[in-house]
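One chain, chain A, appears in both complexes that follow, with chain B as partner in the first and chain C in the second.
On to the complex of A and B.
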């Protein structure tokens, strides 16, 4: 693995950004390898855009260092960084046609007309818009505009592609379609990409690694599977995937009492005192229906039953604030109806807890 | 049925409007064609205009000043308002207030204050008027540009252009100016018409321009003064129509490429 170090494309070292006394970003570090697609995921206001803008050279007032290809580019202005950006808001130049928009970066670089044309046709083909080259942006749908913006950003063969919630203004169906298109193109062109989103499904479905951010800090960065199965903090556990928050109590000796069961506390969980009231974080697939109503399970009433193809999701009222969701195969769920009384059991061997 | 009544009403209103508008103009034209002593109609009052020796001098000066004001507006007001939108959002309210001050401050104090503030070598030249005209036009030009810049996602466009490798200057000429072209056209048009018609401040500063000259010479010739007004009115209209048709040519070019594009999709 000696080539590992040489493979580092982007290295962000201890980035911080303050607005007055408010820290928008604190001590943020991130390494990206060549051709990797990394997503930054987190609630609105957690600092995702700030990271992207600092990397893109649009926010010079920050602390920390930025290396691309091993070169310190911290002081370089945006127009010298060669990074393609796609913004949340529509950003096509309204007075230029689609093709002119895509060619803009090359025109600025004084590339000759024929080469430009060829490149823009190629890219428009890639985003399935080669027939709209002469259209103006206002003649395109939102999804088409963002695809053109993507083509425009790729035209300059960017060192890093920066995507700031490019899909958030689009409707659900288009969103899924375009995110897959982005991933396909990213893999085809082997472009190192930083993708910012607040939608966990979006991040989890198209990235090599996902970094979860909270209040200006990176909580955890890992592959989607690791993030889901081994969250390092309660915040990550509740932000990624569906998580039930079930009232529980710390039982001393590193265990937690929940649904009449005693389960080991995950070593990633924060320390807690005996008797402390907490919320156990339980994935729907880590719950099962008990065969009988015994002292090792918790009874409740089935309130909702959603058929999801091979899986079915039940919403069970345990007398707590929220319904508790449980996943099972649709085969198993056939005998259960809304209104049935059932007993729930936890199958996982350890649990994370959050503040109650 | 309903829409027919509606469109009939529309034409009625349009007709009334036109009569209201055309009647005084027609009456004035008729009046300007009369001759002293009621001896039928004649173009004598119009040829009188051109016989005035200062006619061409003054109209040339006014046109020059108008063009100069437009140029100054273009190179100072346009970048200033753009900069305000990009970097000075916090101070926007203050500048919006400052921009209407030329309407509020009496012209006399504006004239004297501004005159004193000018460097002497400019004070001695009639071209100093262009600077005053730009200031007087600011309430209108600022507003027009303000609206234009608010209607586009300026910050994002600039950032997109910069990230694609364009310098700030290139971004202004290739992206911002074309995106707010109609607002800039409107601002220039306002600067031109306001400078061309400005009277109060000019005469307070004892300069002679076309409007000042008109007022002076027409004092001795009533019919001649009407002919002059008609002449300037028609002149202004021709200018308007010229600007409009230039804009239309631009629009048609755009529309043409859109039609081609639709044809391309259909075939």
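On to the complex of A and C.
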């Protein structure tokens, strides 16, 4: 990566947008470095698509500034921003062949036909569709259409590639295949990419950093591993990965009493008063079966057992509102059956809590 | 064993095929008795020269100047009214499509009513408005505009095009709107993000995508105008020689000796023109759906 290219970055500063009285985005800031792939993750209506559309110039922002390569592009129309976009719905022009679709951005730039054709063939090669250059969009599968849309977006050598849930209309197997292809191409072309999705597995598997959004605000942005292991808010802890919510009580001295154990409260956890009833947020892999029923474990009944290949998930009834899930290797789980009594222990050294 | 199974499968397949066909029987009977049978009768009568003789004399007559002129006038009227109403209707449909849902449903309802309001009442409505002593003509005269002095008359081909537009424009709005509804907003946004202007989008995407549906709609309007009878009859009383009016006059009894089957031959001619239009209409629809 050249040093000049390394300077290019996206700065979104304090963006806000309202739909009537509803705030879709509030004081949202994000910085992206060159060649970085950032995903925005969050529930429906959290504002992630709004960010992408504002960056692409398809929707205006009511407050804040947008900088690309250090240049303020806040008021610039979308056709002057040089950003490639892949949409959730299939968006190829139906009257054009695959090759013509890929060439479109170059055609509007009045690039010579030979150069256009050469570039489109290179990109179709990249998405493994060079043999379908003369096909029309309706002759392609959904996955193929999205690959062509990706090639079309990349043809203009965009400053930023915007992916608006491009895999959500595809079936599970194709989705995995295409997301890996997107990441490969993104790394190959070193294109700064903003990827919006509601699928956390998708976001975690392909991104350099993942931003979790809630109610128009960015709750946390970090690498997938940090996000999963060190969530900064209870929302992130609950939203990313599977989290058990187990009734607990604040024990003073910065500890929480849960499943008959006393565990340190996470530094990121909200402040709580002694004796306050809360919900401890515990990942399934941070629970284990105790060897014996003692005062530092909690007994329960195995209600469900789901085989997940190398892992098996047990659902244990501890007498709380919801089942508590625990992951263990399928080898270990062989001796456990539904209906067995087991004792659960928490293995993590600190816990985050949410309101009870 | 295999053969028995195959035979059983074949039998059950046969039964299921019968059940699939049964719902089509009423429609097939209607099609047979109210479409195929009349066409056959018209075709047969057009060849019937009386006393058990069959020949092409009616067709020879049909190809003479007065009747060919009637066909030319009918085609001219259908072409220009379809084109005028098609263009105006498409523009209205485009703006309605981009408007609020309330206006959309109101326009859909209004178009549905107006598209079916041809015939004698429409003709008299236009006579009351645009006839030589009509309300609008009188009003225009008062402000110094005399449209009749410039050669316009409602009882002419131009007048008929004006009147036909009244039901053709809403018909166009009705049949063209679904094509507009099929336009995806993502296409425009993709064009913008790729650096394309609105003009480039219109030229390279919008028009090519909508053209087959536009053509299909125009052909439908053409067919509708070509076969319209009551409005033209009430308005012109036969002064403009259109094929349906000529056939009407032959049915009414204005028959020249030995030309009893001329009306049938003209009807066959109309069926032929309609069939050609419908073939093109089918191609246009397939072209549009292929997108």
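Points worth noting:
We adopt the following convention: the second predicted complex is superposed on the first by the 347 of 356 C-alpha atoms of A that agree within 3 Å, B and C clash if a C-alpha of one lies under 4 Å from a C-alpha of the other, contacts with A are read in each partner's own complex, and residues count from 1 in each chain.
Everything that follows uses one rule, which is that a contact is a pair of C-beta atoms (placed from the backbone, for glycine too) under 8 Å apart; a residue touches a chain by one contact, two chains touch by 3 or more.
It should be emphasised that the depicted structure is a prediction, and the values quoted were computed from it without experimental measurement.
In this overlay on chain A, chain B clashes with chain C. In the superposition on chain A, A:97 contacts chain B only, with no contact to chain C. Contacts of A:84 after superposition: both chain B and chain C are touched.
Contacts of A:108 after superposition on the shared chain: both chain B and chain C are touched. Touch criterion not met for A:284: it reaches neither chain B nor chain C. Legend: residue contacts after superposition of the two complexes on their common chain; A:138 is shown touching chain C, with no touch to chain B.
Of the two partner chains placed by superposition, A:166 touches none, neither chain B nor chain C.
Of the two partner chains, neither chain B nor chain C is touched by A:211.
Of the two partner chains placed by the overlay, chain B and chain C both lie in contact with A:56.
With chain A used to align the two structures, chain B clashes with chain C at 26-34, while the other stretches in 8-16, 26-34 or 44-52 stay clear.
Shared interface residues of chain A (contacting chain B in one complex, chain C in the other): 56-58, 77-85, 87, 89-91, 93-96, 104-105, 108-109, 136, 149, 152-153, 156, 162.
Across the interface of their complex, chain A is touched by residues 184, 186-187, 189-197, 200, 204-205, 208-209, 290-291 of chain C.
Taken together, the chain A residues at the contact with chain B in this complex read 56-58, 77-85, 87, 89-91, 93-97, 104-105, 108-109, 131-132, 134-136, 139, 149, 152-153, 156, 162. Residues of chain B touching chain A in their complex: 152-153, 156-157, 159-167, 170, 174-175, 178-179, 181, 254, 257-258, 260-261, 264-265. The residues of chain A lying in touch with chain C in their complex are 56-58, 77-85, 87, 89-91, 93-96, 104-105, 107-109, 136, 138, 149, 152-153, 156, 162.
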